[in-house]
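Here come two complexes built around subunit A, the first alongside subunit B, the second alongside subunit C.
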Partner chain A sequence: MTWISKITTAFGILLLADACYSAYEHSVLQTHRAASLSSLAASHNAPSSSLPIDITIETIVATFIVCLGIVLGTSNLRPIQWRVWAGKIEREGEAGFLNNNGEVEKDYVGNPFRLLESRPGFVDIRKQRKEFAEWVKNK
Partner chain B sequence: MSSSLLHPPSHLPPGTALQLSQQAPGILGNSTGAVSSSFFQSILSAPETPELWITYENLLLSCLRTGDDESAHQCLGRLVNRFGDDNERIMALKGILKEADADGPATLDTVLKEYDQILQDNPTNIPILKRRVALLRSTGQISKSVSALISLLDISPTDAEAWAELSDLYFSQGLYSQAIFALEEVLVLQPNAWNIYARLGEILYISSKSSGNAGQLVEALKRFSRSIELCDGYLRGHYGLKLTAKQLLSDFPAGLSNRIDSDGFAVPDVTTLKRLDEMATEKLAEIVRRSSAGERGWQGYDEAEIKATRELLESGSSETIR
Partner chain C sequence: MPTERELQISPIVPESVMHNTKTLSNLQTLTASIFGAAAGILGLESYSGFLFYLIFTIITTVLFYTIRVAPTSLKAGHGFFDTSRYFRTQYEFWTGGLFNGLAGYILTWTLFYGLVRA
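After this line comes the complex of A and B, so read on.
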């Protein structure tokens, strides 16, 4: 999740918490008011006022902001067509598969068939050591 | 090419391998080698991830390659601690270590005998079978390694890596038709491998040059085209396509249109070949231009391949300037 999506989601959650607490306060106020009224006038039932409209608006807006924040934090879509995906790997290498933090995605494996040409199960370790030693000498 | 330690290092250029093996002291020092299998400690400590062990294995291979035997032994020690001595992969890694430490043909013979001993107890130990083939090839006993590989393929015929190794062995001996057959088996197992289509095209091209068989040249054209179908803008595919189209145009300037391929595929006529050549040249030029300009999103190519492409394009353009 990028920082902007984190901020937006956090703000939306704060708003939601505030709206929920306001609604709770309102219901407590209702019961308190009803309790004090019933002690003054036994038969008179004051109509309970419905939830103030601004709390409702705040809840709905908070929900939208949370959804917006989560959507902003999704990673880049990757190509679906095989040839486009393969072309992307060949052309961009690992730079084309960065996640939101700028690191390479965990499940990026490059060209999955590259192992058929490098064949790690049959690696000739002595030849590789010799070649490396020569490369160091020639550097 | 990923330079992370999560991928096998055998294809990396030497500079990157050196860099990775220099991370060894850091990684080994980071965590102690102690892995406990008691219940309470495994709850309290951080959960082990599969990536940790893959990192150790690739670090081991990188260190062996750069000559850092000390760290390599430490990595192996940790892997053995975790997985035990009887694990097939661990046995193969121990074998690699012994081969790398070996100081002469006598020691290598001992290692080979050890492999044979392990295989007597368990004839289907695939990693050890592969190590045996690799050691036979490394010591120059090619015919024995080929027969060992064929018996491996009898045990496990769906191992694409083994078929690819067989193709490479045959190719190194100049037995092109067998190499082509083995690579076709790889394609049966992995039909979407664009780089294997390019490799098959390359072998067909080389084989047709040595045997003068035009049908192989046409088939090389098909294989390169398929590799481009599977991978947009594949450098190797376009390179091969250009080479084969030019070769066909120069060998048969009147065209081969009266021949039908064995698959019922009509051999392309001269105009099609010219258009293929042009298309490949255009694409290659674009790749070279963008990649050398340092454009973002075009940096995944290998430098040596870009250089070779540039040379091909320059040699092609000089021919048209008369």
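After this line comes the complex of A and C, so read on.
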């Protein structure tokens, strides 16, 4: 969960809690009013005299905000076609598979052929030489 | 469904499929509980409650599409509603998880209805 998704979700839940308490207060007010008015007549138990419009709007807006916050907090999807996935690993390495906290995801496999590529007969010596030269240069 | 031959030519990574479907279904279950709270607060009854759930789940899926699937998918050149980069079939993406969160929705719906209606 990134920080923006946490903020959005928290704000949405705050709004929802406020709407919930307002609706509760409204319903308590209704029953209290009905009880004090019709203490003689039979209980005309109509529980849902409709909610004030601003509580309704607040609920719906809060739902949207919470939904948006949770969707923003989902992790990145991974490509399912093998060539796209392997190409992504080749090009971006670990940096393409970070989860929301910035760490590499736990089930990141890496190059699926790395065991094959490190066999002595298949070593790419020129690439390794170039990498070593760059490492020395950057030191 | 792709044939065996098509799967041999362009194979599919199973752990990616699992990760994507798990993400989507977690999202739908979690948001369904929140929608249940909203439905309880609004005091919705039988048919309108289920309709509320259906509409908001579809909205959630559309939102998920625009935020998680569309940016990279459109950049890679897929069509406008094509989810084949991350999900096996479009049918599975849009309608597969539709009744995923129904249990959690009904749970929080009845809970909040009872709490708020005193």
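Just so it is clear, the second predicted complex is superposed on the first by the 102 of 139 C-alpha atoms of A that agree within 3 Å, B and C clash if a C-alpha of one lies under 4 Å from a C-alpha of the other, contacts with A are read in each partner's own complex, and residues count from 1 in each chain.
The rule is simple: a contact is a pair of C-beta atoms (placed from the backbone, for glycine too) under 8 Å apart; a residue touches a chain by one contact, two chains touch by 3 or more.
These numbers were taken from a predicted model, which means no experiment stands behind them.
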{"item": "Partner chain(s) touched by A:27 [first = subunit B, second = subunit C, both, neither]", "value": "second"}
{"item": "First, second, both or neither for A:109, with subunit B first and subunit C second", "value": "both"}
{"item": "Contacts of A:6 with subunit B and subunit C, given as first, second, both or neither", "value": "neither"}
{"item": "First, second, both or neither for A:84, with subunit B first and subunit C second", "value": "both"}
{"item": "First, second, both or neither for A:130, with subunit B first and subunit C second", "value": "neither"}
{"item": "Common ground on subunit A, meaning residues reached by subunit C in one complex and by subunit B in the other", "value": "82-84, 109"}
{"item": "Complex contacts: residues of subunit A adjacent to subunit C", "value": "16, 19-20, 23-24, 27-28, 31, 47-48, 51, 55-56, 59-60, 62-63, 66-68, 70-72, 74-85, 107, 109"}
{"item": "List of subunit A residues in touch with subunit B within their complex", "value": "82-84, 86-96, 104, 108-111, 113-129, 131-133, 135-136"}
{"item": "Sites on subunit B touched by subunit A in the complex", "value": "1-4, 7-8, 10-11, 14, 17-18, 61, 64-67, 92, 96, 99-100, 102, 127, 130-131, 133-134, 137-138, 160-162, 164-165, 168, 186, 190, 192-196, 199, 229-235, 287, 296-301"}
{"item": "Contact set on subunit C toward subunit A in their complex", "value": "10-13, 15-17, 19-20, 23, 26-27, 30-31, 34-35, 37-38, 41-43, 45, 56, 59-60, 63-64, 67-69, 76, 84-88, 112, 115-118"}
